[in-house]
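Below: a set of structures, written as structure tokens.
You will see subunit A twice below: alongside subunit B first, and alongside subunit C after that.
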Partner chain A sequence: MDGKSKFGLAEAVVLLTVSNMARIFISFPRTLVEMSGPAAWISSLTGMGLSILQVYLFYMILKPNPGQNIVDIANKSLGNIAGTIFNTIFAFFFLAVAALFTRTFSEALIISALPATPISFLMSGFIMLAVLGSYIGLEAMARSARLTYPFVLSGIVLLLLGLSPLWDLQQVFPILGNGPVNVFIAGGFISGAVTEILLAAVIVKSFHGPEMFFKITSRAMLMGFFYLTMLLLVMVTTLSWNTGQEDTLPFYTLARLVYLGRFFQRVESIFIIIWGFIGIIKVTLTLYASAITLAGTFRLQDHRPLLWPLALIIFTGSILPHDMPAAVRLEALLIREVTWLPTVAMPVVILLVSRLRKRGGPNESG
Partner chain B sequence: MKAAKLLIVLFIMLLLQGCWGSRETDEIAYVLALGLDKGPDRNIIATFVIANPKVIAGQAGGGGGGTGKDEEPIITASAIAPLPIAAFHLMNVERSRQLSLLHTNVFIISEELAREGLGIYLNSLNRFRETRGTAFVYICRGRAIDFMNRNRPEMEVTPSKQYELISRAARIHSLTRVVQFQKFYTATKSRDIAPVASLVALNEKGLTGEPSRPGTLGDYLAGDMPSTKGESQLMGVAVFKMDKMVGTLTGDETKYLNMLTGEMQFSFLVIPDPLKENTVVGVSLKQAMKPSIKVSTDGEHLHISVELFIEPELVGVSSGTNYESNIQMNIIESELARIIGEGCRQLVDRSQEEFRSDIFGFGRYARKNFLTVQQWRDYNWGDKYSRAEVDIKVNLKIRRTGLMLKTVPVVR
Partner chain C sequence: MKNLLKQVMRILTYQDTTFREGFILKENDFDNKKTGASGAGPKSQEEDGGKKSAGPSRRRARTLRRPGSEGSMESGGADTAKVSTILDRNRETIESIYGLPVNKDIIIRDYTIGTEPPVKSFLVYIDGMSSRTDLNFLMQNLMLEAREISRDPIASAPSILYRLLPGSQAIMLDSFDKIVDAVNYGDTAIFVQGSPQALVVETKGWEHRPVEKPRSEQAISGPQESFIENLRANTALVRKIIRSEKLYTEMLSVGKRYRSDVAVMYMSDLANPDLVKEVKRRISSINVDYITDTGMLEQYIEDSPMNLNPQTHYTERPDRVAAFLAEGKVAIILSGSPYALVVPTTMYAQLHTGEETYLRWQYGTFLRYTRTFSFYLALLLPGLYLAAVLFHQEMIPTDLLLAIAGNRERVPFPTVVEMLMMEFSFELVREAGLRIPSPIGSTIGIVGALILGQAAVQANLFSPVIVIVVAVTGLASFSIPNYSLAFAVRTYRFFYIIMGSMLGFYGITIALFIQIMLTTNLKSFGVPYLSPIAPRTYAGGDVVTRLPIHMQIRRPDYINPQDNVRAPEEPRGWVKGNGGGGGDGRQE
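Let's look at the complex of A and B:
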């Protein structure tokens, strides 16, 4: 069960950062550029501000309940029925994220490197590794993320700097892109809708208390959004926002453009390995979080028996979209219209109810 | 248990051997260059220059086995289809090896096709997994198929290396503009810059073409420069409006284009000697820094001001005049600034009146003046540019005089 494995600040920050970075490798930057135009990077900064507010919201929930995660607090504050409903929604949200990421990452691999491989095989690979990771536990995931992070980081830095001859800084203008409403509100909300804060609130027992939760999650958000902002700036200055919104996989397109003389080019193969790793971390973490959430909801001692059925649900869910554009649309829909429910609206309800109960507590007892 | 774990690991390793898409290198033939010509009934003729594995492998392995000794290192083949990638797939019918575009580093498109519009073909090339945004785009004067059939690089084994090295060599003369596919494709869909692409052709006239005159050393289109017959020349550019070719620029005009966009690394100029008739002064040119471009969109009139920073170096003074002295250096500097200014002026006028196309990308600088994309679109740059007032100022200073600090007159 969670909480048994504990790991340090660095491992936890890296684990959440890597999970948060997963979206930059698929179509998300394209969606943001389509929404905000050349000012997509400003949307990312707005999203960063919103994510820090979310971190604070969860900190407010977790602070008075040390040793408990969001699942325990929901059960305690909302009662058995409402708590179970809330936690089941959390679990299904994680499952939906895992299913969509499994599909989009598998599609990305087919488009970029393995055109003849059946998608079911790739998805099975992702899911089997996710089951294995979730079975071994969080500590192993955190440590492997920490171990691989320098390579991921150097790969990204290499890509961004390798494209420097192609940067055209004039491309960031007009500075407000598709208008303030799109840039600050729509774009800000799309980029600010992240899974990792809720996920951190589920695995908080491994973090040495709520104070560490705040430190770890806020740092992970700052790092994750820093990478997103940098990638968007490079994407806009290299591809231009107009044609950038055409690309299915902007990160891959950028990797293919690295051309530093005759001997330093075709570096995209390195990035396919990085993608694979980041995709596995993302799917594993969300599968793990959904299993932990359900185990907590139904007061099971061990989350592991849930892994196989949940993996089957993820596989089935990921194969539902008819095609890649449908999966991307569904992902955008999930981000735009659904994510704010489990990551903001429901935690606000939990916070308010827990505060009201606390105020009412002494009166009831007295 | 240990044996079971080992078996699982071995099983996974077996599954991960490239999955279903694995291709051995000896099953593939690499296309090095792809050419596109107008074909019959809305089709195109796609020409593929394919590396001949027999010869290339023989060369790489030191000629082991002696296979392909007398054969050409490349095979040229063509197919007719509505789209380049469709033709590529058709080509596989005739080949024992599966063709791959992963190493195609040049797209050669005929002028005739370019004048009809390239949108549908570019879309296909941009979408396909194997084609790369780093490939060069050349516009061929005449038919691409003829050029590709007859172009035989003398110094390289494969034409792909030839094209790549020629492109790099363009830095030292700036008489063409080498453009990669991604940049070209982006410009065809852009409101703020019009695409250009290198012109390429074989020299059919040999040394019989019109010789250069002082001030117009590179005033040729590709294929027209007098030189050894049959050599491929990369000179000048094709000018586009969106995806349609609307004209050409000579080598000299391209040099001024590169100056105005800050992409000239080195070039050269031969001008009539201002102090002595029938003699010339040769200078090599270097851009000291990127031009300063300011665009004012206030009010009715669009005003663009460009300031160039050029640093020439004396390379030849046929009159023997001591241009190294301060006074005489001022004279030559003024003359050079005047000639460069005039060259740039004429080019800007052509772009406004003849092409009605912003090949310099001044629109990129104009975008700063707008807050939102909608405001920028409403401004209608393409229309406004052709009526814009463009000021060009040339800051020119001879910093170096080569290995001579003084010219002593010839004693007669």
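Let's look at the complex of A and C:
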């Protein structure tokens, strides 16, 4: 199924941006503020630079192999056994991301709006929608993201501007926060670890070629990091970095503070629609990417038979953390540190091996 | 005394039940057949088509389905399928096909053509379908005027056609299939002794209503004509607006048992040839016994029958059809239906009325935004209200929350039940208002409003806020101009009510995601249903915001017309610096 549906630049950029934005609604901004203090927004800018380097790395891999995605290239460059191992790691990475986002978004919903609802019920909603979205396909997903993007954007802008009476610009000082090492290295690497570049390399067949991959992914990164930087700035200037690092869901906390007169207050519930939609897109896209990766690895014609089993794995994985702090800790410590393996280290190996094989002459079997 | 005793005995003794039912429609062998030999079923058609050529198999099917035709048609074989030179044999065939004398609609009129020597002839028509004036004029020519005009001793069909028939449309046919088709459609067939062909003269003259104002797509400005049940009048109404030789009308037919004509109209220099081909392919491939309305035809040609959204544009306004044709779309008009279908369509086109184009752009844009807002209200308002009241009370300002709670205090039902009952009652009023005869139909609104509004609130059955929410939602749904789309929105609304009452805004998000995914995946004749927004293509400045008319210089891109350009960069030739007084200056 992969590659049969093509969509344009705008749809692809928005799809990846929306997916990348998902992390600003959960506890990721808090983790960054905890790491970098008031300079968390600078860490975000550093992460943006690192993500652009990652985009270039994937572009180097994809450019000599037009019409192939990272899964095909791994199979071709590393051979069947190593290629399969690499691709399976990619697939399970996507599954882990989907499981953790399902859990953290469901926890966020319980905190913000549905305290009496069983978490398994909320997670089932995410999983079923992800199956539906992956079953219908990437084209519809991209168009849905494009269609809803103006509403998402206006919601976020409304939130950020609605907090303007509470901004205190003094809060951004000291400008280098917890020190250059924390801000540029630790914070930069945490914020620069993104799933969407690898994900874009998996769905690249829908992008009209590697050149478009570079355009689409780099723009998506710029936009995604722009929103993260803005949110961090507003968070630091509104809550101060001290309070900010104690909030599990900073976006929700900020939404609760919006006060636009006596009639328009406590509007955080409206943002549930926005972040719920973004969470669904994120989980759907990662489920789709894992199904496509596995289908490509095992040379299956259709990814759809894999959706139910993978959805079940995601559901099981998401229910494993004992409680919300466990899920947040897992998300912060494990995924953000492990992310560099499938998104940077493994692609570097693929790039090196493919280059070496190319120099060795056209003797590889593919 | 004897009778009395008999009656007493009848009362005291057991009597078998008298069988009072006069008629029972018993099952017979036909009920066991899934697809009969009549050719209506697709299977039999395919089987026939697979074994034989299309012509003979269709003829056989037609022969079998006519009452009383079994003996004569089958025994006659190939001779009876063609017009014979022997007049009596032709008459027998016609009588056999139409089941005369049982069938009283068919009129066979014997007469003599007034040539020298006189020639025997008869004509066939259906009473009520043909114009009596035309028929009288026709017979007057053949019987009386022929004597003066023609001295030709051989009165063959061609000579009559070229010299005696005054009808504007007359053709010679030798196949009974085609002759019967024409007679069934109001034409008159003339059989002449010694001629192997029949003359078919156009005498259609059935009763039909005149062109009236649109009933379901009313507009204040712009043309006030609507389609009627006459196909040719409908094509003429469109052609009257688009006076161009590039407007093509192709005629197809649908229905295997009762055929209906379908006109496929398009601009040959604009419409994408692949689109036209696909429209014709879908219509031609329909294998069903009959289709009487474009609403039925729509369901046979749409891409996704399971999706709620209408995938063809259903309109009764010729000016709308003309505007769509000028964009490169294709119109489908069915005989007997006062509506036309336009394909492909998008959801945004279904939210337009055409009136916005006739108004100045500011007014048009204002109308569009009002309608867009109404669309969202009609879809989401009850669901959002329930979600807010049941799950997110903190977002309702305290005064309003107290007012709502105070009003709900004495209402015995849960809010969701209250909402569903009110919505159902509203649908009931709407449906009853449509079905009740018009003289008392207007009162139903007042009665409904009184019962649902004041009385129900006073009886503490509903809270006033629910009445307001449902009323506003109802008004909003009425502002959706497309009847089918309004239906879809009404149906979707119930999903939002259920999801909003179950999971609050998260439920609304789930329902929204499902609806958006299904809708973005939808296509109408190969065009994404949410074009030109998702996917983003050039829209021509006419989606929600309507740009000034002189800025709409290109046709929408999603239709892929043969010519994208509607007008030059500055279509107003009189504007300074633009060559002043442009255009060909042609005057009406």
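What we mean here is this: the second predicted complex is superposed on the first by the 359 of 366 C-alpha atoms of A that agree within 3 Å, B and C clash if a C-alpha of one lies under 4 Å from a C-alpha of the other, contacts with A are read in each partner's own complex, and residues count from 1 in each chain.
By definition in this document, contacts are C-beta pairs under 8 Å (C-beta built on N, C-alpha and C of every residue); 3 or more make two chains touch, one makes a residue touch a chain.
For clarity, every value in this text was computed on a predicted model and none was experimentally measured.
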item: Touched partner set for A:G137, first subunit B, second subunit C, both or neither; value: second
item: Touching partner for A:L257 - first (subunit B), second (subunit C), both, neither; value: first
item: Partner chain in contact with A:S240 - subunit B first, subunit C second, else both or neither; value: first
item: Which of subunit B and subunit C A:R146 touches, first, second, both or neither; value: second
item: Which of subunit B and subunit C A:G209 touches, first, second, both or neither; value: neither
item: Contacts of A:A10 with subunit B and subunit C, given as first, second, both or neither; value: second
item: Residues of subunit A at both interfaces, subunit B in one complex, subunit C in the other; value: 113-114, 117, 122, 262, 265
item: Residues of subunit A defined as touching subunit C within the complex; value: 7-8, 10-11, 109, 113-114, 117, 122, 125, 129, 132-133, 136-137, 139-141, 143-144, 146-148, 262-263, 265-270, 272-273, 276-277, 280
item: Interfacial residue positions of subunit C with respect to subunit A in the complex; value: 388, 391-392, 394-395, 397, 503-506, 508-510, 512-514, 516-518, 520-521, 528, 530, 533-536
item: Complex contacts: residues of subunit B adjacent to subunit A; value: 19-21, 126, 129, 132-134, 164, 180, 182-183, 185-186, 189-190, 361, 364-365, 367-368, 370-376
item: Residues of subunit A that touch subunit B when the two form their complex; value: 37-38, 111-118, 121-122, 166, 168, 170-171, 173-180, 239-240, 242-243, 246, 253, 256-257, 259, 262, 265
